[in-house]
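What follows is a group of structures, each given as structure tokens.
In the two assemblies presented below, chain A is common to both, partnered first by chain B and then by chain C.
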Partner chain A sequence: MGEGALIVTTADADVVATRTKSSRWYKPDRDGWFDTGLGVTSVVALFVVWAVAAIITNHNHPGLVPTPVKVAKSFADLSTNSFAGHTLFGHVLSSLGRWGLGFVFAIVLGVPLGIIFGSITLVREAVSPIFEFLRYIPPFAWIPPAVLWFGSGQTSQALIVFIAAFPAIVISTQVAAANVDPALLRASRTLGAGHLRRLGQVITPIALPGVFAGVRVAASNGWMALIAAELIGGRVGVGFLIAQGEDYGATDIVMVGMVAIAITAAILDLIVIALSKRLTRWRKRAA
Partner chain B sequence: MPLESDMKYQAKTNEPDRAAVPKLSLRQVSKVFEARRGSVRALEPTDLDVREGEFLTIVGPSGCGKSTMLMIGSGLETPSSGTIAVDGRPAGKPGPDRSVVFQQFALFPHLNVMRNIGYGLKVAGVKKSERQDAVEQQISVMGLDGFQKAYPSELSGGMQQRVAIARALVLQPSLLFMDEPFGALDAQTRTQMQDEMARLRTRMTSTVLFVTHSVEEAVFLGTRIVVMSPRPGRIIADIPIAENAPWKGMAIEAAMGEPQFNSLREEVWNLLHTKTE
Partner chain C sequence: MPTLTDNESSVDENANNGPATNVSQRRLFGQLARWRRLLIGLASFVVAIAIWYLLTDGAHVIQPLKLPSPVAVAQRIQRLVSHPYVRHTLWGHASASIQVVLLGWLAGGVIGAPAGVLMAWSRRFRAATYPVFHILRPISPIAWIPLAITWMGIGVEARVFIVFVAAVVPWVLNSMEAVRSVDPMLIRASRNLGTSSLGTLGRVVLPASLPTLMAGARVALGNAWTSVIAAELLAATSGLGYVALTAANALDSKTTFAAMAVIGAIGFVLSALMRAVAKLLAPWAKGL
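What follows is the complex of A and B.
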């Protein structure tokens, strides 16, 4: 982020560079290593509890809770050898493909709709009752109708992702667009900008941080809904891998799937955050 | 609905006499804000003519409708009654010929200083190279050198308002509306900007309407002062100031030592503080 550094060379009295303070809750002067240490400690503690639980339950129910070591071994094994038709990586990629399809549709439709809802009160008032009604239906409830309409293949799973991701994107985009300072809209009018420029060059870019907040939630909502859809009816994907593991009574495979889901979700989140930072660099530094 | 009055204007101004036709003309303009608890009359029906080249300062207490009147002139606010004409022709939508400088700067947070200043030119379709030249020139006029790539959030209030003024001036508007532009600045910066504004005044061709609640500012910058009453606002005094008034060309601190400046200031102050009922 170095390129944004302010050059304060002028001796001008009213030049004051604004440096945003660290907004974390703890004292900023505390050693960063302390926090890292805290994190590491709790992760280690989690593994210890897991291992102890595995050892205790193994007495009476061998294999019910696999040890972390066993899961790690299975992870390595599934990474190279295929199970249920694909390697672990293959399942993840397949899931990601369907996730991406639904997610991209949710963005392509959700962002412009949210901008329009947020900027044009009339449209918002007309459409919001529908949204208010639909948002009480969990995405998982759409799985049966989706399967009935489109079969249990790619399309219906991508549709589930779309349904899970779309509301978060529309709602946060709408809020962000509605919150754009009206003075900026007035300024753009006096500078000659018409409706389209106002939407595209003022409201949309300024709403972008809010849009990304929604996209971030949508990414994980969509991912979770997809796994659920794959668990119920699928022939490939991480959810399917877990379902197959269950059928074989292989708890280690089930847990490998769960770990893969979490790792993938974390990576997706990091990508969204990185993209957001890149596209909204105009916001206050260190925000 | 406005057809009839439009036609009246057309008829009157078929052969506009440059000297007689005011740059901006408000006729019986009023504003009533409809609120849930009834309506609030912000501005009584008001007539105001502003001649080309004038620097009109409008001074009045808070809530007297002075900003409303300014915004009606700029086209951003529609009057509840009355007509607005620019050069004798009915004024339409707001646009780059009627630039506005807002109290809260209203800079685009996602554009750097250069792009903020160049935005109006870009919308107008000015070629990139010409645009850059015009922007660079404004940047040096407004003392913004070295901040071309900075974003508004990285600038102090004073610097932000310089950018906003540059963004308005770069369009060479024939009318410039300034709505308490220095009201959000600290005292020291404000003084600096007032001096800067007086300096700019000599090199720009725009007709300026400048709303303020500071009597000193109104007297120091104006070539004519309009004084308004508390709500519902109306004009209670219209005071021309000679171009060669002794404080013209002085810094504001020095002007405050001028007896004539102070007597005019006192006069305006008294107008503002006597009950007009």
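What follows is the complex of A and C.
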């Protein structure tokens, strides 16, 4: 997080605030060994509580809450042996394929559309009310019609990823493109740049960080929506894996799937951040 | 999710007004721009529905099974209001969804908001709780659904739990952010004048952070509404998401799209209500 920056826009879908002042009284979490100890203790406590809950419930309802050890063992087991047709890695990879398909479509269609919305006022005014209304329908609500249109296979799951990812990309691109300083546009025009050059050499670099904020949100929204679609139908994928685990009453497999989903989400997020840093390297020099 | 979206006023609204010299003139231009936007928006809605009608009932380009016409959907909504579908009328299903949303959202607030405020205010509390929060947070609420079903069945409890998981994260993070964004000068001044740490929290920090808290509440409600639909697709015997999927499986596309239209409308109303409440409670806040 950029301490001391003028405006810190969080690229986190769940956080609204934009800090306009660096809050100096608030120190980030590196406050010495005592606090680290507190943190470690509470994480250990979490696992202890989990283990105790598992042991207590196993008495009357065996398998309802698996012990942490059992989940770890299943994780190792599923990494090499296949369950519901594939190993854990195979399921994750298959999910990632569909996620990638929907996500790439969302970027390829969303970024140009966002630039058009951002730079042509009339188009934005005409389209955005409809767009905004459609956004009040959660991506998960598109699963039933997707099932109607394509059955519950690969295509409808990729469509759900697209629907979940698309709005964040369009809106962040639109805002980023609209916020480009008109003076810069006029200056580049005076210096003889045509429409295309202005788009490529003025608007794109300035808007890129804002676009990436949306891409990050879109990546995680798409992944979450895909899991929901896989829970409902399909024959392969992490969501399908945990749905199968649920059907067999194997809560340890369900938890392995949950952990795999969380780890994959974290890795995807890191990749997007790394990519964004690489593509906007010039920003540091400017600041 | 609706974080990035709520940019109601377009950026260049005031840029093209020309040399508006006095205030009343500028206000007139602002009002004209607002009317213009409203008119264009309405017109585009009419055009969109006309295109939808032409594609379906008009020219029969899309078969009704894939996309029923707007007229058919409207008629189906009307019918569902009085005739029960899978045991309940439309109101019954809508109120089932709303109840679950409100319960999970409130539970998220009751636990999440104080936790977030404390996490920002007390270093010790943050050190103890933030790592646990950080470990559990990446597990998306959707991934909890199978576990919730195994533990609690497909009753209301499982759905409220899922909504709670979805809502508690923005409650915590925004409450934290709200307290953190308070001007440190205010806090130092208050402490300097002899107010205790708790007194400063209650009488300086909380009022100052109310706008962000309210915005967090709205994001939490948006998440809650989104996740309840997902939960209803898997763990429900009532609710709008349940209606939409049940109808799709029965190839009853009219009911599916009727349910979706109602889902969108309720999502819109919830968001508008939260905005109104935020204006009422924190009228000094900008950009909500």
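Everything below uses one rule, namely that the second predicted complex is superposed on the first by the 240 of 287 C-alpha atoms of A that agree within 3 Å, B and C clash if a C-alpha of one lies under 4 Å from a C-alpha of the other, contacts with A are read in each partner's own complex, and residues count from 1 in each chain.
One rule holds for everything that comes next: a residue touches a chain if its C-beta (ideal position, glycine included) is under 8 Å from a C-beta of that chain, and two chains touch if they have at least 3 such contacts.
In this text the structure is predicted, and so the values were computed from the model without any measurement.
Undergrad: Applying the document's definition of touch, where does A:His59 land relative to chain B and chain C: first, second, both, or neither?
TA: The answer is neither, since A:His59 touches no partner chain.
Undergrad: In the superposed arrangement, which partner chain does A:Met224 touch: chain B (first), chain C (second), both, or neither?
TA: After superposing on A, A:Met224 lies in contact with chain C but is clear of chain B.
Undergrad: In the superposed arrangement, which partner chain does A:Pro205 touch: chain B (first), chain C (second), both, or neither?
TA: first
Undergrad: When the two structures are overlaid on chain A, which partner does A:Arg278 contact: first (chain B), second (chain C), both, or neither?
TA: In the superposition, A:Arg278 contacts neither chain B nor chain C.
Undergrad: Regarding the shared-chain residue A:Phe133, is it in contact with chain B (first), chain C (second), both, or neither?
TA: A:Phe133: touches chain C, not chain B.
Undergrad: Tell me the contact category for A:Leu191 with respect to chain B and chain C: first, second, both or neither.
TA: After superposing on A, A:Leu191 lies in contact with chain B but is clear of chain C.
Undergrad: More residues of chain A are touched by which chain, chain B or chain C?
TA: Counting contacted residues of chain A, the larger count belongs to C.
Undergrad: Residues of chain A that sit at the chain B interface in one complex and at the chain C interface in the other, please.
TA: Residues 10, 12-17, which sit in both footprints.
Undergrad: Looking at the complex, which residues from chain B come into contact with chain A?
TA: On the chain B side, the touching residues are 74-76, 93-96, 98-100, 102, 104, 106-112, 119-120, 123-124, 143, 145-146, 150-151, 153-159, 167-168, 171, 188-189, 192.
Undergrad: With touch defined as at the start, can you tell me which chain A residues reach chain B in the complex?
TA: Within the complex, chain A touches chain B at residues 4, 6-7, 9-10, 12-18, 181, 183-184, 186-193, 197, 202, 205-206, 208, 280, 282-285.
Undergrad: For the complex, which residues does chain C have touching chain A?
TA: Chain C residues touching chain A: 1-5, 7, 10-12, 15, 36-37, 40-45, 48, 65-66, 120, 123-124, 126-132, 135, 138-147, 149-151, 169-170, 173-174, 177-178, 180-184, 187-188, 212, 215-216, 218-219, 223, 225-227, 229-230, 233-234, 240-241, 244-245, 247-249, 251, 253, 256-257, 259-260, 263-265, 267-268, 271.
Undergrad: Mind pulling up the chain A residues that touch chain C in the complex?
TA: Spelled out, the residues of chain A in touch with chain C are 10, 12-17, 19-21, 23-27, 29, 31, 34-36, 38-43, 46, 64, 121-122, 124-130, 132-145, 147-149, 167-168, 171-172, 175, 178-179, 182, 213-214, 217, 221, 223-225, 227-228, 231-232, 242-243, 245-246, 249, 251, 254-255, 257-259, 261-263, 265-266.
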